[in-house]
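Sharing a structure with you now.
Letters A, B, C and D mark the chains in the order given here, with residues in each chain numbered from 1 onward.
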Amino acid sequence: MALATVVASCSLVLGVVPISASAAGGINTSAACKGTPVKGGSLTYARQTGPVTLNNFYPTNGNGDIFADTLLYQGLVQPDPKGTTQNVVPAVAKSWTVSPDGLTYTFNLRPGIKFSNGTPVTAADVVFSLNYFANPKLDETAVLAGGFKSASVVNASTVKMTLSAPTPGILYNMSIFDAFIVPKALVTKQGKAFWNNPVGTGPFKLSKWVRGSYITFVRNPYYWEPGLPYLDKVTYQYASNDNTRLLDLENNQAQIADGIPFTSVQNVKSNSNLTLQPAKVPYWVGLWMNFQRKPFQDLNVRKAMQYAIDKATINKTVFQGLGTIPNSVLPQLKYDAPNSVVKPYTFDLAMAKSLMAKSAYPKGFTVTLQYPSGYSEYTNLVLILQAELAAIGITVKLVSMDQATMTAQYMKGKYDLTFPYAEFTSDVTVPDEYATFVTTYAGGGYSFFSWWNNPTIAKMVTTFTHTASESSRAVQWPKIQAAMMAQTPFINIMDLPFLNAHRNNVCGTYLNPLGADSLQYTWIAK
Amino acid sequence: MSDLAHLVTVPWRRLRALGSWEITTGIVVVAVLMIASLLAPLIAPYPPNQIDVLHSLQPPSWHHWMGTDFVGRDVWSRVLYGLRIDMLVVAVITYLGLAIGVIVGTVAGYVGGWFDAIVGRVADTVIAFPFIVLVLAVIAIVGPGLKGVAIGIIIAGWALYARLARSEMLAMREQPFLMSTKALGYSHVRAIFRHALPNLVRTSLVYSTVDVVVNMLVLAGMSYLGLGQQAPGADLGSIIASGQGYLLSAWWITTIPGAVLVLFGLGVSLIGDGITRGDLPQGAL
Amino acid sequence: MLAYTARRVGVSLVQLLGLSFLSFMLIHFVPGNPIATMLGPRATVQEVARISASLGLNKPLPEQYWLFLGHLLSGHFGQSITFSQSISSLIGQRLVPSLALIGYGTLVALVIGVPLAIVSALRADTSVDHGIRIFTTVSFAMPIFWSGLILGIVFGLKLGWLPVSGYGTGFWGIVRSLTLPAVALGLSLLAVIVRTLRSSIRHVMALEFVEAVRARGFTTSRVFVSHVFKNAIMPTVTVLAVNVGFLIGGTVVLEQVFQIPGLGTLLFQAVEQRDYPLVETLTVLAGSVVVLLNLSTDILQAVVDPRVRPGAHSV
Amino acid sequence: MALLTVAGLRIAFSHRGGSTEVVRGVEFAVEPGETVGLVGESGSGKSLACRSIIRLMPAHATMTASKVEFDGRDVLAMSAKELRDHRAHSVGMIFQDPYSCFDPTMRIGEQVAETLRVNAGLEGDAAKARALELLESVDIASPEQRFRAYPHELSGGMRQRVMIAIAISASPKLLIADEPTTALDVTTQAQILGLIEQRRRESGMAVLLVSHDFGVIAQACDRVVVMYGGYVVEAGPVAEVCARPQHPYTRGLLSSIPSLESAGRRVRRAGIPGQPPNPADLVAGCPFADRCAQVRPACRELHVALEGVGDGHVTACPYVRDGVPVTNAGGSR
């Protein structure tokens, strides 16, 4: 979920904490939350960015839109709302079956499920929404509907979806904002106006929206999970300024805040009223090397760089030990093999030096590194990188840029080294999307604008994404992971969690594995 | 704007006769800050970017006069170095803008005609253009950092001086001494630069005491927004911004550099004040 | 009077045209593409090209400028790229907080500044005058974001009187949430008001007519209110108008500090996202405010002070 | 009994580092209905001296006097309220520069009417009607039109007429005219002086005419007071002083007027060499000593005091009589 969002000014979200997939990481286990959940109450959530549109098919402000959409709507399936696994679990569909050839999906709708305006969800609504999802004119991320052929009504509570080729990743793509289920009749009738006052099957419904300032949701009385949500009212209060969110939290003007900056981790930890909640998400610091530049075409150089970068030190000094040293060039995704199978690059200066000596550039070379301005983590990070790469003869010139400029330069291939997106997360928990992006050279994609072209790995990825069998996919991916790690076309500097913080009496603050929360389990202890 | 000449030149003459407490105090304050920042490498007790995590967020003490920040850098040392870069940049942008503006304005006022018309309209447009947008756009083009801010401020800043100089030149053109230089057969260039310019520069110099303060604030503001000085380099705005998150627990990181900024502004303003005897030139800011 | 107004309006129109050109060129010079910025990592070259074409961003620049002028003149300003809304409705939503902040800030500056200026002028060169001057100079030298932060800490967090950030609901909610930023804005404006008013009061007080009026046996307050102040206030109004550009700048920063959903925040986002039409429109509008205020103060001055009128001549 | 008696008047300006006395013990008197001239170069203190009558001091100036008595009342002892009444009803004043002594932002008629409303308690239409009457009485043609004019739209002479209208609106007992004609051209000067004289005759008020121009004084006044360097150096009936000037300064002033007929023309006082003194430079002795052709050492220690020479004619110079140096005269004082 949530791709790079460009957040105003100096905010930053770099998350933290090496948690295992268990969600215990930040879930409040304080005494107050041991009791039975209490119904009622209202919650203010200080968020760093807010929605500019509630049209889930066409978000224009990244997480700002998506996090609001997640309260309002749901898809047929959803990412595990408690974040315990990276799997998809039932939502609007109570269950589904996949034909053995992987081409036909049959979804059985949840009996009695209703939209927040009280009208029942019908198979027609689902078909309408899936067609929306696959229409590039209507859905900004229709690329995620790759493989979709058609959807049809089987009966009032059953929908059939057929694919043109086995594309198991589509189920994960359908779990997120781009395939949420909306009422056909209302959308058809109201057109654009629908999105100003939308209805969905999420736990909350829209109450009041002051654009740019706050948005208030109230309980959806027709929500399908019995007894949920606990809260009567949720207000997302937007504050792009990190400091403001923290102050709001400390001041109890807000009870949860997202995007806790690294520099404030100690601050939050030392405040006895607050709980820091790191959540594991596919969030990473991806360093891009431009393959149009000769030195980076040399595998020895790329590997030397991997060995020269002391990720443990970076984790300690920049990310306060809360990151995870990656064993992939991509973020942490489903099917990833553990370190015992695919080893991370560990700091080894001697190895790095010998690789450089073996390369075409034994005396080193000079490159520029473009990095996003306004993020103190990045500033600290690039200084360390500069020093560490200097040790193997690579002279790095630092150039800070604002996000828009950096993205433009990146897409035009005008860079040597760059961090294309300051806040870089995968939309989905499975590797299909990013693996495809990073290996698709043709058609103007240039392998995610790295100009890396490796047909072998590309073929492995294509096979993987079109394998219907879950067990086969689980076998294939670690091989791709290892191959990419060996080739190291990108350098994943660090895997990071999302960092939220909440007041101690706020309980059940689960994030799904993509970092979004729908707050149906959240309650406030007395 | 023509009142300005009166507001300024008359008190200027008086100043030379009198001197005043404002000027004395102002000069002392600015001089102390300037000397301290120039001597930063000698008097700063620590390197400005030296991290000492063990001693982070220390309140002001004998070891750290202004305390330390969240990675244990000495705030006093950072303030000294920050002030140094800020003063340098502000002096350069203000007086470069002044020089450009005065020259363009003087020439425009002197030669008149289409050149004057164009300069006048361009200056008016730049003045009407929201300053901050201009600076933001230039930063977006040049890239974040002091360079972008400086270019932005100069692009916006010359216009007021040009307008000032132009209107004074128009008035001065009719004055006998300039007409007489013409009668004596001096060239235009000589007439402008030898005779008119020194008179015009005086007004602009007085106005620049306001401009210096404003530019200092803009510079700090941009650094605060993350668009000016890039970490780890220190300037007052970025030090203030870096302490924001610790306002409750470590007030000194934000408040003391802010106070130094205020002190500098106060010093410069007092000098300007002494010259104008408390009468702000119109159109200031 | 008519000829003067016409000429003055003409000059303003030229200025506005220059303004629109400048803002158009400036933002198109800036590297970065609004679509790529909006789409993030999902952006493929084709997708960016497709959406750009659908928004007319692939047309030649002169044509785009022409369209932009057309939008400006028609008054609906076209469509924002990133906010997928019409710019006029966006501005409609964000205008009130900004105007309220500017108005409230100016009010604070006037409420504090006018009495200070009067005292300062009447007690010129006394210690009271010096004290006021130091106070206003300090307030002028304070970075607006810094005073905003300090005010927020003291009155928001320590004392808990006012909210630290955000934009309240209802009249009093808005007043409460805007009080701290307005005070910060007002403080930054204080020096200009006090000094201008002080010097024009002193200037007017030294005029012979004031002595003449005093000689008629009028009370000091009558002399001051109906003669001195009336003559002295106009330069202050002019200076306020001139400083609207400065106020807009302060508002952009303060909206960031206090997280107020106003035009400043919108502008900041628009620049960051390279939302060309939005940046252009906001810039031209902000510039227009400055241009129009200067225009109207000039004309107002001609009305209030008959000497300014062209064709007014003494025999 | 005199309408106005001023004695021992001292006025000083305070500034950084002390104060400078610019009026140094002046005395003069005005009888009801008479016109008294106060003559002297700029800086002589005459303008300040005349303002002492209504205690209209500029900022930083302080006045002290042993006596300022008007119509039997002690001006020095007046409360603020009494002083306002005094200014509003007993004394009218007109000023040198009719260009700048009106509120530039207020219509002429409104300025007259305001005075009437505030000082005479007239309301609305009554004030306007009376204002029009007054404008007419100072020979302003088509007062209805002028009523709506702004000050800058009137000529200097016209403005001075309006000023006179305002000054006499309360039928004061004394009109102070501080250089009323200096800023006007010759023809207008004569008209204005004529107007003042006419109003004086009609109303029986006294006039204190302040001027640097002896010609004007000679033409318009009954008595004259000559000031120099903050002192009164000579005083007496105009005819007497003109005929038998005693003080060398007065002689110089008179000699710079070619003839009485040219009264009113601005003439360089070629008769007196040197510049008028800077008040701050005057320490002791006769203020005119530096420029006096007949100066003698004793002048530097002279205690300036007026001495009668007959017929109400007084002079501050003990050493010269009718242009001839005398020995020992008055030196003992």
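One rule holds for everything that comes next: a contact is a pair of C-beta atoms (placed from the backbone, for glycine too) under 8 Å apart; a residue touches a chain by one contact, two chains touch by 3 or more.
Everything numeric here is computed off the predicted structure, so don't read it as measured data.
Ranked by how close its mean Cα position lies to the mean of all protein Cα atoms, the top chain is C. More C-beta pairs in contact connect the chains of C-D than those of the other pair, out of A-B and C-D.
For chain A, the chain with the farthest CA centroid is D. Distance between chain A and chain B, defined via averaged C-alpha coordinates, is recorded as 45 Å.
A separation of 52 Å divides the Cα centre of chain C from that of chain D.
Work out the mean CA point of chain A and of chain D, and you get 91 Å between them.
Remark: chain B and chain C have CA centroids separated by 21 Å (rounded to whole angstrom). Looking at chain C, residues 30-32, 124, 157, 256, 268 sit in touch with two or more other chains. In chain B, the residues touching two or more other chains are 140, 225, 244, 247-248. The multi-chain contact residues of chain A, meaning those touching 2 or more other chains, are 9, 247, 250, 402, 404-405.
Contacting chain pairs (ordered by label): A-B, A-C, B-C, C-D.
Residues of chain C touching chain A in their complex: 30-34, 36-48, 50, 82-85, 90, 93-94, 97, 152, 156-157, 160, 163-167, 169, 256-262, 265-266, 268-269, 272-274. Considering their complex, residues 54, 56, 58-59, 83-89, 93, 95-97, 99-106, 114-115, 118-119, 150, 152-156, 163, 166 of chain D touch chain C.
Contacts from chain C toward chain D in the complex involve residues 124, 205, 207-209, 211-219, 222, 226-227, 230-231, 304-307, 312-315.
Put simply, chain A touches chain B in their complex at residues 9-10, 242-243, 246-247, 250, 261, 263-264, 266-267, 270, 373-374, 376, 379-380, 383, 399-402, 404-405. Put simply, chain B touches chain C in their complex at residues 3, 7, 21-22, 121-122, 124-134, 136-137, 140-141, 213-214, 217-218, 220-221, 224-225, 237, 240, 244, 247-248, 251, 254-255, 258, 261-266, 268-270, 273, 278-280, 282-285.
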